Structures are given as structure tokens and as C-alpha cells.
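So, here's a batch of structures to check.
Presented sequentially are two complexes of chain A, the first with chain B as partner and the second with chain C.
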Partner chain A sequence: MPELLPQPAWRRRLVLTWLLAPALLWLLLLIVLPHVELALLSLRRRVAPHVYDLSLLQFKTFFIEPLYWQVFVRTAILSALATALTLLVAFPAAWVITKVARGRASALLFVVCLIPFWVSETVRALGWLILLRESGVLPALLVTLHITAVPVEMLYHDATILVGLVYTSLLFMVVPLVSSLESLDNALIEAAYNLGAGGGAILRHIVIPHAAPGITAGCIIVFMLTLGNYLTPTLLGGKNSQWFTELIYTQFIVRFNWEQGAAFGFLLLGLSTAMVALGLRASGQRFVDVMRRT
Partner chain B sequence: MISTLPRPVWLRTATVLYVGAFLLFLFVPLVTVAVFAFNNAPYPAPPWRGFTLDWFLGNAAAGRIGLFRDTELLGSILTSVIVACWVTALAVIVGTANSFLMERWEFPGKQALSVLMLVPLVIPGVILGISILALSSLIAELADSLFGWDLDFLRPGLPLVVLGQFSYVATVTTLMISARLKRFDRTLEEAALNLGASHAAVLRTITFPYLRPALIGSAAISFLMSFENFNTTLMLVGADAPLTVTMYGRMREGATPVLNAVSLFLMLASAALALTLLRGGRRAS
Partner chain C sequence: MSTPDLAVARLIKQFADHRAVDELTFQVERGSFFSILGPSGCGKTTLLRMIAGFIVPDGGTLHIGGRSMHGVAPNRRPVNMVFQQLALFPMMSVGENVAFGLARRGVARPERLRRTEAMLERVGLAGAARKRVDELSGGQRQRVAIARSMVLEPTLLLLDEPLGALDLKLREHMKIELKQLQASFGTTFVYITHDQSEALVLSDRVAVMNRGRFEQIGTPQDLYYQPATAFVAAFVGANNRIGGRVIRRDGDLTELTTPEGWVLRARQAGSCNLGDTAAVFIRPEVASLERAADQLPRDHLVFDGQVQSLLFDGANSAVLLNEARSGLEFRVALPQTGRFADLKVGERVAFGFDPQRAICFAGGSEAPAHA
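Let's turn to the complex of A and B:
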């Protein structure tokens, strides 16, 4: 603690060292060096036992093997779709919380939105399994209502994965949206309305520009989490709908082909980072501010 | 449209319908899980066959192993709690040190360090897991071949799980504690120092009591994040599996309603934690 009581320089340096040590140990040993090792792994090729040379073989395999890049592209597209859907579902909810409901109702609705996310993702996936599988609740309900003659299998489709992903991601969209809509002055909307603007024009010219930082923050976080998700796609998706993280797991843990797994890891990390950078550039925000917001 | 402007009837109806559907979407999966913990059937599926507590109390003699007799599940709950305690302790201590470092000190490279501290949040959990796995086995191999040391804790297992989870939970605690420290009125400390208090006494009697809500809040969040973590844990887990990993394994096999029972237990525990936090937060503010 500086300023008032002047401390000897050696003591200040000692305190600074003690404060810096945990941060540096954490970031070097658990973040920076592991990724350096991962990069080295992905760029080497085994030529003989314990002999390796530098090579792009793993990355070449990714592009040559159709299964690999197809899963990669599919994962990216479904993640983008899940992000867009999450935004569509979350925006009206955030709007109701901030602009329509008042006082206690608004606070209550917000808390109610957060509750499911205090529960583990495993539990949420279990819920969808029980609801959607062939012997599950929803197919049985459809039969009872005479909508379908026999129970239909609702699991193992891409649509199922999307439902599960949207459900899991909602919180990370609702929170930044609510915080950005809260700061929007109602008087602006009232003024626009009095001047004859319709709902669409108000949305386009006032609400969306104001909420843009929140929308970007939410989309970045949701896309990233969806892309890196493992649990929901593996449990709700079928054998034919692999997620890219499953490929990484298979290479690393099942086949013990760490070089290939590391290369896949970097491809995923690259896509994730690129989308984050793109989102930030598009909305002209700084990384630090977006992270603080959420 | 906002509440102060006239809203046509169709818009009011649509809003009510939307909120209803939204709440249904949020809660139907959770309610389903809870309800089927009490169904008197071997699998968590309809139809409803009557109420039973077998999936909590049943033992092998009854043909149904309930939660309280399922040693594997109970063991993995204990494992999760132990891991979560370690992660919480480490993350809160390091987060506190980081907050003081970033809010109170100037040093070269501070800007870069503050960005680097946020990076763990944008790295997918799976990749955090495999990168830590790769580095730790490299170190273990080097130690073995150079010195003949057998560093068991660097092989997949609970110590690595703790480190893997800590690597990103620390970012969250740093952000939470920094946010509160930033709003602290430094003149309080200066007044105490003027009146002759030592630096240690100021920390103990003024700064830390002020930080208390943030410390408790970040500890609760760390515990929860650790307890629920799956992605990073899956890559680093050894013989003792934490609860999420055990549950995942059982779900792939097609599990009995004992999983619903343990899920209900988790929901109640999270709800209790959330309520305690909300109460604590209200009292502090």
C-alpha cells in the first residue's frame, strides 16, 4: 500500500513480487506454456519411436479427410445457427424484463430466467433426454393427443441439438441484453413514437443501435460456448451428428494420437478466436470491455 | 412497445403468450427431471406408475439401488466437493492477489497482463483441458527420464482436474473482486494510516471487511463453476470421477431414475446456494 506512509523501496518491491507471483505462475504454467506445448505437438510428426520432425502433416490430414473438415464446418454452422436462435428467443424476454414489466414483476422475471442456469448442464441435458426420446414424455403426449399414431424419436436430430444448445446458452444472452436495454432511455422511444415512428422503425433506428454492444457481447459468448460444448451435442445428437470437440476427445483420449488432437484443438481455437475478433471489429468494441460486461 | 405507450390488444396477448411459452421452455425440462425421480418404474419414462421413494432409499435387496445406497454416486459427489473446495480456495486467494495487483500497482507490462488474465474465458474448456494435459505429461516424462522421478500428480487425476478448473475460474474471481476493490474509497485507508494504524491492521480491519461480500460471492460462484464443470474435467480426469463425469457415463448407458434423484438433490443444493447469496447480497447493499 503506497503513498501515505512512505515505505522503503525494497519493501515495495517485495510486496509487488508477492502479488505478481501468483498471477504469473497461473498464466504461465496453466495458460501460456500449455498452449505452446500444444502448438509444438500439433506441428510435429513421429518418424520413429521418440524421434520427431517438424511437419504440417496433421493439418494436411484435416483437409484431406472429408469427415474431419465436414464435422468442423457443420459444428461452425450449427453454432452460428444456435447463436442466432438464442438471440431471437432471448431478445423479447430481455425486452419484457426491461421495458414492459415494472418493479417487482421485472425483477422476479429476471431472477426466474437465471434459475435454470444454477443447475448443472448435465441435469438440463437429462431433462431433454427424458422429454424427447422415443419412450419419452413428448412423444407419449403426441400419441395421447392423437397427433401421431406411434411415438416418434425426437432425439438424435440436428434440431434437437439446437434446442439443447439454445436452452443451455440463454442466460449468457439474456444478461448482456438486459444490461444494455436497461440503459436505453424510455423517453427516446416515446419521442420517436410521438413523432409518428412505427414499431419497426423504432426497433431499427433506436433500440438495435443502442443495444448493439450487448447483442455483440452475448453473441460472442454464446458462439464460443456453443462451439466448445461437448456434453449437449454428444448426449442429444446421434451417431451421425458429431461435434468437433468429440473428434478432439477421440484423438486425445481414445486413440492417443495427441499430435492430431492438438492440431484439431488449434483449429477450434482459431475459429473461436476469429469469430470473437470479427464480432469485436464489427461492433467497434474492445475485448476488455466486452468481458467486463458479462 | 414499452409500458408507457398504448399497446394494441394483439400485442398484449402476444406478450403474455410469449412469456408463458418462455417460462415453459425454461422449466419443463427441470420439472420433468424432478418428477421422474419419484416414478415407480425402472426407467425415467412415462407412463406414471405411482409414487415411490425407492430411487432415494432403495437398496440392493429391493432390486433398486437408491441414491443413498449408491456408493459410486455418493463417492463422486464427495470427489466433486473436494475438488470444488480446492478450486475455490485457490481461485479466491489468487483472485484477491490479482485484484490488489491490478487496482493498486503500476508496473511495466500491466496492460498486457490485464488482457492475458481475461484470455482463459475465451478458450474453449476442452482445449484448456488438453493443453494442460499435454504440458503436464511432458513435464512428467522429462522428470522421469532426466531424474528418474515419478511425478504421479502430473498424470490424469484430481490434482490436474483442480488445476484445469482453477485456470479459468481464477479469471472470474479476479473480475468479481477487482470490481468491488475499484469502488473502494481509498481515503478510509489513508485516515486509518494517519491515525497510526499499521498497514496490516488497515488491511484486516478496513479493506478486507469491505471486500467480504465480493469474497463470499466469488467463492460461491467458484464452487458452483467447479462443481458443474464438465468439459475441462473430462480431459483431465483419472480413476476418481467427479459427479458430472459419472452422471455423463451413466446417461450414455441409459440410467435408472437414481440419476433423477441425484439431479433433484443438485437442484435443491443450487437453489439453497442462490438464495443464501441473494440474501447476503441484499444485506450488504
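Let's turn to the complex of A and C:
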């Protein structure tokens, strides 16, 4: 970075501290402190009113009770699936925005991806309810077209949850993909074509390696958002959703078992960290590079 | 005569309201170095991209190695291209770059490695296969780009101003290297450039392109000494261009006067009538300079001038004069002997040229503003 003005080192440090202070304060108050508190909560056991001791009871409960770990695994698998689907949907969209559409059309397409996010997530999920419930638009349409005899309930399936999650996550995949595909020089694609490569080979050897940091960043963001999503699985999946965040909610709010809820929270944090690490290792990348490139 | 490696007939490309390539017809002989020289926007890139298959022509035919290229996709043509910015794959090593085309053709890995290594050795990059592309110098990248194409043994190698991004010293060096590589491979090269020196040094034949058409196709010597049009005269090499009106015809010589009243004579190329506008082109090295008019050869037209500026550039040194009567600018090459090393700005001198070595074109106003 070019130096704006020659300054003594202590002054530069001071300026830097002031500039970072709001962000650091925010991180400390809203992320670090609550997590410390949660960590303490998750590791204690109530032995008598207002008497606690150190214990791994909450974590033990998680592994003993099948419902808990099964929902946990199910949430992880569905989140991974939603991430993969989002990538499959977002990649062609990002390709069209960056490489096919020109000028205004490209900007317009990007805005089309953005528009759903002007509406709150609750309203968007409710929109899906209007479309998919038994008396909704889509089942009625299917009856009109004589595809089904009676209106079908399209809510409360895993597929519905996935559709909702993909829809919610799309933008967060499209943005890093667009930025990484934008930096791909068209001459590289032409050069590969000129050297005898077909579409598949160009995608495999040129486009995907170039876009890898964007793909990884998008997948990390979408996976984390999906894993921690509460509203969409609850509204679209109803009682069948079995999403891990619901278990956490139940422990904190319904059962008032903060200790168990805190333990679940940490397990979820551990899961997302582990999955991200796994994904990075599988694609041979480093977290810092991925975040810097996007 | 063998079939030409590239045969183009009545090729057309129309973009919205202008014709980028306008009914071009030409052939490139096997094993030759053919350059297309023209200012930016003349349509040379469009032409090259049509040959490579990236742009579909609106009319005409294109044969490579005797085969029609109609409907043949770029990845199926016996043509490879060295791109302007080289377009080396940054995600691959040097060796993988060179082997890329072979892999696409399904050449087995051991054979691929052998041919890649042999090709790298040939371009003077033996042992560089494992290096990353960004570890190479500009000249080395250039060689990788050529190796990547040549390893596929194309009928035709297209080069899209590949020296444009290099600095001057390296460009001069790469010019020589490119010519030697072409000679040693014996592959037909089609080279496009806006740099007339590259075209002259490298090519067996050069086509000068302007507004979608070829003004002239010929050897570099032809273009330089016998330009067919005013455009070629102005675009290829340095030239003094003096525009005026024809006032007299005398055998093959035409006399013309500029609006400022400078009268000069030159050999007529093509036809022109009295009263027509015309332009005379005199190369700086054709003109000579003396301190006194009577020292100039007898057959020269002789004029008085005043030194406006001295342009010292080693062997290419020249002096910019103002003709005494009209004040028009005129460039004269300085002799290598250093005889005029003491010339001063503002000094009065005599200059002249043999009218047989000056060329007059009718019109001549469409000549490019010199780059």
C-alpha cells in the first residue's frame, strides 16, 4: 500500500486502532463474550439450586439420545446437499452474467439475483407457503393441467426445504462466483479452444481451476448460512423439518435448558468448522487465500 | 505449384454498419512468413479470428491446407494461434501448458512428456517444464506460447501482435528469434501487426490492410520502394508527404504546387489529370542535404531550407527542415559520416532529391496521419 503521508510508526498504529475499534468492539461484545458465556454454560451441571459443577453431561446426552445426533447428522447432510445444489444453480447463472450477457443485460441479470433480497426472509418463506400449500397456487395449477387429480400438499417435504434453502442462498453463491469468473480472461478460454479443447475440457481444466477460490468461498458461506438457518426449514418443513437449530431453540426457549442449548450450539459450531476445514483440504486451498481472492 | 496453406477468396465480415473485412482474396504459400500490416481498426484482427474460427464470415471461402473451413469449429482446425497477451494458462506449469493440446488429442502421457520436453528444448527452454508460468521472463513466455502451438504441428500458425507487450530491447531480440524459429520449423506463419518494422523485418510477404481491404501485397522491398497506393507510401516507413494540385505533366513526371506555392516534381504512379489533387512522397533517405545549393547533384530538384529541429537517433538521425518559400516541414536523413554533426537549429541549408525517386499519387488525401 502506498503511504499517504510519512508518519511516525506510533501514529500509524493509533490511527489503525481507531479505525478498527468499532469492528473489534462489535466482535468482542457480540461474538466473543457470548461464546465464552455459552462455553461455560455448556460445561456445567446443576447439582442443587444455584449450585453447579463442571461436567460433560450435556455432550454425553447428545450422543446417548438418538434423536439429537440423528437430527445433527441430517442437518449436516441436507446442508451439504443444499450447498451443492446452490452451486449447480448459481454457476450457470454466474457464467451468463459474466461471459455471455454484455453491459446492461449483465447488470440487469445481477439485479434479478439481488431482487429477492429486498424482501425479508420471512416474507420470502411465506411466499413459498402461498405457492406450495395444498390450497396454494402450484397444486391448483397441477390439477388444472390434469397432472394430478387432487391438490397435493407440496410443503413439509425435505425437497421443499432444499428448494427454500437454495433460493435463500443463491445470491451468496452468485456473488463470489461472478467476481472470480469476471477475472477469467476470455483469451484463456479461446486459447484452450484453439488448442483443441471442447467445452467439457475447458470447464475442467481452465474455468473451474480459475474459479476454485470463488467456488470454495461461495460454498463456505452458503454452507454456514444453511446450517445455521432457522426460519426457512421451520416454515417450509413444519414439524418434519428436524433442523438442528430448532433443537437449540427448543432447549433455550421451550425447555429453558440453557446448558443443553449451549452444548448444542458448540456442537454446531464444531460441525461447521470441521466441514469448512474438510472442504478446504479436499480442494487443496487455504482459508486466507480464498477469502482474499473473493 | 503446391496448394497454398491458406487460400482466402472474397471473404466478408459485416459488423452492424461497417464492413470489417471487405471481399478479401489472397493466398499464403507453404512455409512462408506472411504479415498483415495495418493501423488499428483496419480489420486485421477480425480477419485473423475468422481464420482461427472464432468469428464466422458473412461470405466468401477459406481453405487451410486445401481443406474448406466452412463449419469447422476452432478446436478442429489445423491452426494454432499465439495470442496478443499470450494467454498462457496460469493454473498450469510450463510443461502442462505445452502438453495441453496433446492431451486434448489423446496422446498418451509418456509420449506427451517426451514431445513436450523436445519442443521446450527446441525453443531454448529445456528443463523449464516444471516452472510456473509467472516465474518466466517476457521472452520466455513468448517462447512457451509458440511451443504450446507448435507442438501440435499446425498447418498454419497465427500470431496476433505477440510482441506488442514487450519492451523495445526485448522486442528487437524476439523479432530475430521469431524469424529464426519460423525458418527452423518451416511452418507457415500468418502474423498481424501495426508495427511496420516488425512486418518488414520478419516477413517474406506483407499485406498492407486498410478499411477491410488490402492496399498492396508484396515483399517488404516492394512495399518500401514501389508502394502501390498513397496509403502504403505513408504507412510503410518514414515518408515526407507533400499535398498539392497537378499543374503540368512531363513524360512520367508530374509537377505539382502546394497551396503555399512550393512547386516540385515527382514520378507519377497511376494516372492523374491536370488540376487534380495529388500527393508527393519522398523518403528522408532519398533527399540529400548540403550547406550550399551547388554541392547537390545536378539531377536533383534543389530547394532552400532552414533547420527546424535536429532528431538525433544514432543511425536513424534526421533533420527537420522548413522549406524556405512555403515553410512546409521536410525531413532529411543525415548521412552516417557525422558530416553534419555541427548543424545548428535555425541554420540555412540547401536540400534536394531526384524526382525519379519521389512518387506522386493522385488524391493521396486518404493517407493515414502518421503513427
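As a convention for this text, the second predicted complex is superposed on the first by the 250 of 294 C-alpha atoms of A that agree within 3 Å, B and C clash if a C-alpha of one lies under 4 Å from a C-alpha of the other, contacts with A are read in each partner's own complex, and residues count from 1 in each chain.
Here, a contact is a pair of C-beta atoms (placed from the backbone, for glycine too) under 8 Å apart; a residue touches a chain by one contact, two chains touch by 3 or more.
Owing to the predicted nature of the structure, the values given are computational and were not obtained by experimental measurement.
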{"item": "Joint occupancy of chain A by chain B and chain C, clash or fit", "value": "fit"}
{"item": "Partner chain in contact with A:Ser272 - chain B first, chain C second, else both or neither", "value": "first"}
{"item": "Touched partner set for A:Leu57, first chain B, second chain C, both or neither", "value": "neither"}
{"item": "Partner chain in contact with A:Leu85 - chain B first, chain C second, else both or neither", "value": "neither"}
{"item": "Vertex chain A; arms to chain B and chain C (CA centroids, nearest 10 degrees)", "value": "90"}
{"item": "Touched partner set for A:Leu280, first chain B, second chain C, both or neither", "value": "neither"}
{"item": "Touching partner for A:Tyr193 - first (chain B), second (chain C), both, neither", "value": "both"}
{"item": "Touching partner for A:Val112 - first (chain B), second (chain C), both, neither", "value": "first"}
{"item": "More chain A residues in contact [chain B versus chain C]", "value": "B"}
{"item": "Which of chain B and chain C A:His205 touches, first, second, both or neither", "value": "second"}
{"item": "Which superposed partner A:Asp185 touches (first chain B, second chain C, both, neither)", "value": "second"}
{"item": "First (chain B), second (chain C), both or neither touched by A:Leu142", "value": "neither"}
{"item": "Lowest inter-chain C-alpha distance for chain C and chain B in the superposed arrangement, angstrom", "value": "5"}
{"item": "Interface residues of chain A shared between complexes with chain B and chain C", "value": "190, 193"}
{"item": "Contacting residues of chain A [partner chain B, same complex]", "value": "1-5, 16, 18-20, 22-23, 26-27, 29-35, 37-38, 41, 89, 92-93, 96, 99-102, 109, 111-113, 115-116, 118-131, 133, 135-137, 140, 167, 170, 186, 189-190, 193, 199, 224, 227-231, 235, 245, 248-249, 252-253, 258, 261-262, 265, 268-269, 272-273, 276, 287-288, 291-292"}
{"item": "Touching residues (chain side chain A, partner chain C) in the complex", "value": "185, 187-188, 190-198, 201, 205-206, 209-210"}
{"item": "Residues of chain B touching chain A in the complex", "value": "1-5, 15, 18-19, 22-23, 25-30, 32-33, 36, 43-47, 93-94, 97-98, 100-101, 104-105, 107, 113-128, 130-135, 138, 163-164, 166-167, 170, 175, 179, 189-190, 193-194, 199, 202-203, 224, 227-228, 230-231, 234-235, 244, 247-248, 251-252, 259-260, 263, 266-267, 270-271, 273-274, 278"}
{"item": "Complex contact set, residues of chain C against chain A", "value": "52, 54, 73-76, 79-81, 83-85, 87-92, 100-101, 104-105, 148-149, 152"}
